[in-house]
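Chain lettering (A, B and C) follows the sequence in which the chains are written, and residue indices restart at 1 in each chain.
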Amino acid sequence: MLKYLFAKNEDIPAGSAAVYWGFSAIVWFVIGTGLGSFNAAKLAFPDFVTGSEFFAFGHMRQVHVHAVIFGWISMAFGMAMMYITPALGNTRLWSEKLGVWNAFLWNVGLSLGLTLLWAGLTSGREYSDFIWPIDLFIAVFMALPLAINVWMTILTRRTQGIYTTNWFFAAATFMVIIVFLTGNLPEFFHLTGLTEAYLTWWFAHNVLGLWITPVAAAIAYYTIPKVTGNPLYSHRIGHLHFWSVVVFYSTPAAHHLMSAPLPEWLKSFASVEGVLILVPAIAFVSNILLTMQGKWNMFVENLEIRFTVTGVLLAIPLNMQGGFQQTRAINWYIHGTGWIVAHAHLALLGFSTFLEAAAVYLGLQSLMKRKLYSLTLGNMHFWLLLIGFSIYWISMTIAGLIQGAGKIYEVPYIDVVIAEHPYMIARWIGGTLVFISNIIWLYNMWMTARVGTIVPVGRMPHEMAYER
Amino acid sequence: MNFREYKIGARMFGFALGGSMCITLFLPSFDFRSAVSTETALDKQLTAGWETGWNVYDPLMLGHNKPLKVLVKTDPKSGQPLAEATYAYVYNVGTPLPNGIDHPDNLGESVEKLSETKGQIGQKTANGTVYLIKHEGNVPYIENATATMGWTPDMVMKGASDSDISHAGAGKTLFVREGCWWCHTLLPEQTQDWQVFGAPPMLGDFNGESPTAFGSDRKAPDLLHVGSRNSSREWMMLHFFNPRLVQPHSIMPRFDYLWGKVDANGQKIDYAKWRTEYDEYHAGKRIDPPDVPMYAKNSEIRDLIDFMLSLK
Amino acid sequence: MAWVMDQPLVTLSDTAKVEKDKVLWEAEDLGGITEDNNRVPVPIVWLLLLTVLTAFAITFPLWGQRPNAAIYVDYVKAMDEPDVKAAKNDADAMARIVAKYRSGPNQALLERHPLTMDDLRQIAPQIKALEKEGVDLREYNVVGPDVVLANFEGNYRADGTRIRLQPWWDKGYTIDIFYVIAFFLGVTMTIKRLPPSTWQPVHGHEHK
């Protein structure tokens, strides 16, 4: 792939960039979940690998988070954008070379940032942990080229309308740059105090709300109609989804600080907006599920649809939690507990990952024109991922409720730690299953690239899934 | 046909995102600016200095270029005993100043006014600066003691014994670097848990602090007031070296590596031997755990313990 | 196809298609909600309406109220009552006090924030002093052994000071109402003005 960095744009085969992004994403997923499993082991067994700065929980926790968010999820997004945007515009990617360079710079920047984080060089701000030079690198050399490629591909499209997926891609690539530049203002200009605290969570909220959630949803808007052959149920509901993401998802940042001394009016405002996040959620879920009408058999038979629809179904508990857990009436109980950790994994490992995994499966097969090497391994990946995630989510939710009870009844903290221990072990088992499933996936995709059956021109890989 | 519709869409998008940013960024900025520093905020920023996350003055986050907080019992200039011992914040030459001194408008209106007029924080001093926190009525303010009383860093440091000197500023850097805040929050919640963890912070408690490092995932006790609950250096030392020495059920990592290579007597610390002996103790083959080595005065763990004890 | 800078967004549709779209844009009803589309299912509309109502109801500023000093006023008074004084020990005295106010309006808050007799002895003089001053005790919090002014930014009084009490109706909440109305107006207008063309066949509701 690196040979294309210095090739002429015309000489790079269409789809090369997407394949580069896709495989990078899977490798980061293996690394990220491996770190996650290792961290979980340390929470269950604190003396597991001890006495070294570089294997201390406090050094590795944020590396896991960022490897997964900016390595796996964001690179899978990049992959999806590299092939979905041109496909929906009936055109080629604006610049295949820029795409390849972009993936290269993304891997370089992320490796550098994660190495520094691992060494402890951090801004000390959750989710914007990267030091500000890395933040600038991300905005200028990682996010901006991706955005330019997406926008230019949309502008040079050969269709009249712009399909829903592409609105989301265009808007989210723009918004993520704004979020990086604004959310890190405290680091660029050394803003301190409440401004710093608030902007930290403004960033954390919006990088999820204006980047991860909308792009993941946009992918489902492509995958479901493409694979089932059903047209999207309603473009109007798509509009409602898009605009309510922009309007309601960008505002509730303060709900992350409901128990901190922020101006009270800001919390009240954010709290209402937080519940209104259910508006885009309802629009999205209903639109996708209604599109599935008549094709529900594919939920069982087809791997990509199974991944996507599972992700969409997980969006229901995700948004029910997300909407209500931030209100004053509930937040006092679960704030700062494992419940939130479970919720974050429901969003990123449940909802989002399942949608992206489908896009990566579909994209890599279509672009490499090769049928999946082994459907059995694909099914194993799905089930291990789902079971591992479920164990994790359920155990952490229970742990969070225990912690919340401990908090309000003012139980000595060590008793809470003792009570949580079995759930920490369960969490580690769940995380490890996810890690194993991803190794299987990486092997499966690698073998697909090497020895997968060639898909003949004019046929889609998923049509051939059960053909020998 | 031109697509006027997409122009409308683009404008609507700008309008929507701009409106959202206006409400969530522009409007709150007035409230943040109007927050008046409490004494806690002044103490925190004078103790921690400019920045305790990554910054160009301390690129490896070793706790360098940080102020010292010194308990002063005698007037450093005249040598006369002070009526009341006071904390002085010593900024040697080259130590970057906290935001409240560089940009006094961050202090909040009343505190800014007093600090500038009575505290003379705008005065430049050539050989470093010593700051104090003073009060007028209920309003705290920062005083530049070098300008007002002629206290220089050298004088203050000469009169202070090592136990009077706190490296809490460097300790906050280590708190951030070592990721303590991934499990220990610095935020007793307003609604529920302040009976155990102490008073929730006030609106003006953060002026000038960066990063605030509230933490969001509380896997361990809140530490905002830990120094009031437990002020034992020895307990902290055991607990950091191996938390299981004092709390068998703790899931905290060992921070023995912060001791560095040598102990207080300059002897090399034999970690491998310690761990073997601890494992024997843990397995029931020894009655007592091995002794925790006394840390060196300039070790990182000293900074971190100083920071813990400064959290009152 | 290159991007033309002075005419950036040019359609590739033929004239007939454009004319058809124009007719559709002019003829559609209800902001186009029913046009070129499947209908939004009625249950979904109800669900959205329910969401908006729930959002305002569940975040009403009074829910999740923090405990304030006023909830302990009755406790402080009860300390001097003869049956409490006659209690054989502190635990018994506290049990008697709690029993008296088991069904009061602050029951839920009191249950969540139990006190011991020692706590009560520490805050009682402070509460009495504040009562004598005539301040609103709801503006004070009990933090450990201290009764302190609530750390809270409520609405302004006429004299410019802050009310340290959760307002039943605050600025953020008010902004929300206008924000939501603006959203639904805006989204209807936008849907009306955006092109209905899709990459898929039209679903019905044909216009001439």
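Throughout what follows, contacts are C-beta pairs under 8 Å (C-beta built on N, C-alpha and C of every residue); 3 or more make two chains touch, one makes a residue touch a chain.
Since this is a predicted model, take the numbers as computed values, not measurements.
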Maximum inter-chain contact count - chain pair: A-B
Maximum centroid distance from chain C, chain identifier (CA atoms): B
Computed distance of Cα centres, chain B from chain A, in Å: 34
Distance from the mean Cα position of chain C to that of chain A, given in whole angstrom: 28
Mean-CA-position distance for chain C and chain B (Å): 34
Residues within chain B bordering two or more other chains: 6, 9, 12, 16, 19, 23, 31, 190-192, 195, 200-203
Multi-partner residues of chain A (at least 2 other chains): 243, 247, 251, 261, 263, 265-266, 269-270, 328, 331-332, 408
Multi-partner residues of chain C (at least 2 other chains): 9, 11, 13, 64, 112, 151, 153, 175, 179, 186, 190, 194-195
Touch list for chain C against partner chain A, complex: 1-3, 8-9, 11-13, 17, 32-33, 36-41, 44, 47-48, 51-52, 54-56, 58-59, 61, 63-65, 112, 151-154, 166-167, 170-173, 175-176, 179-180, 183, 186-187, 190-191, 194-201, 203
Residue ranges of chain A touching chain B (in the complex, touch as defined): 42-44, 46-47, 50-53, 56-59, 61-62, 120-126, 131-132, 162, 167, 171, 175, 178, 182, 186-187, 190-198, 200, 202, 243, 246-247, 250-251, 253-254, 256-257, 259-263, 265-266, 269-270, 328, 331-332, 335-338, 340-341, 403, 407-408, 410, 413-414, 417-418, 421, 424
Chain A partner contacts - residues on chain B that touch it in the complex: 6, 9, 12-13, 16-17, 19-21, 23-25, 27-29, 31-32, 35, 41, 45, 50-54, 59-61, 99, 106, 176-183, 185, 187, 189-193, 195-196, 200-203, 205-221, 243-244, 247, 249-257, 271, 275
Chain C-facing residues of chain A, complex: 88, 91, 152, 155-156, 158-161, 163, 225, 231-237, 239-240, 243-244, 247-248, 251, 261, 263-276, 278-279, 282-283, 286, 290, 323-324, 327-329, 331-332, 408
Chain B - residues contacting chain C, complex: 1-9, 12, 15-16, 19, 23, 31, 190-192, 194-195, 198-203
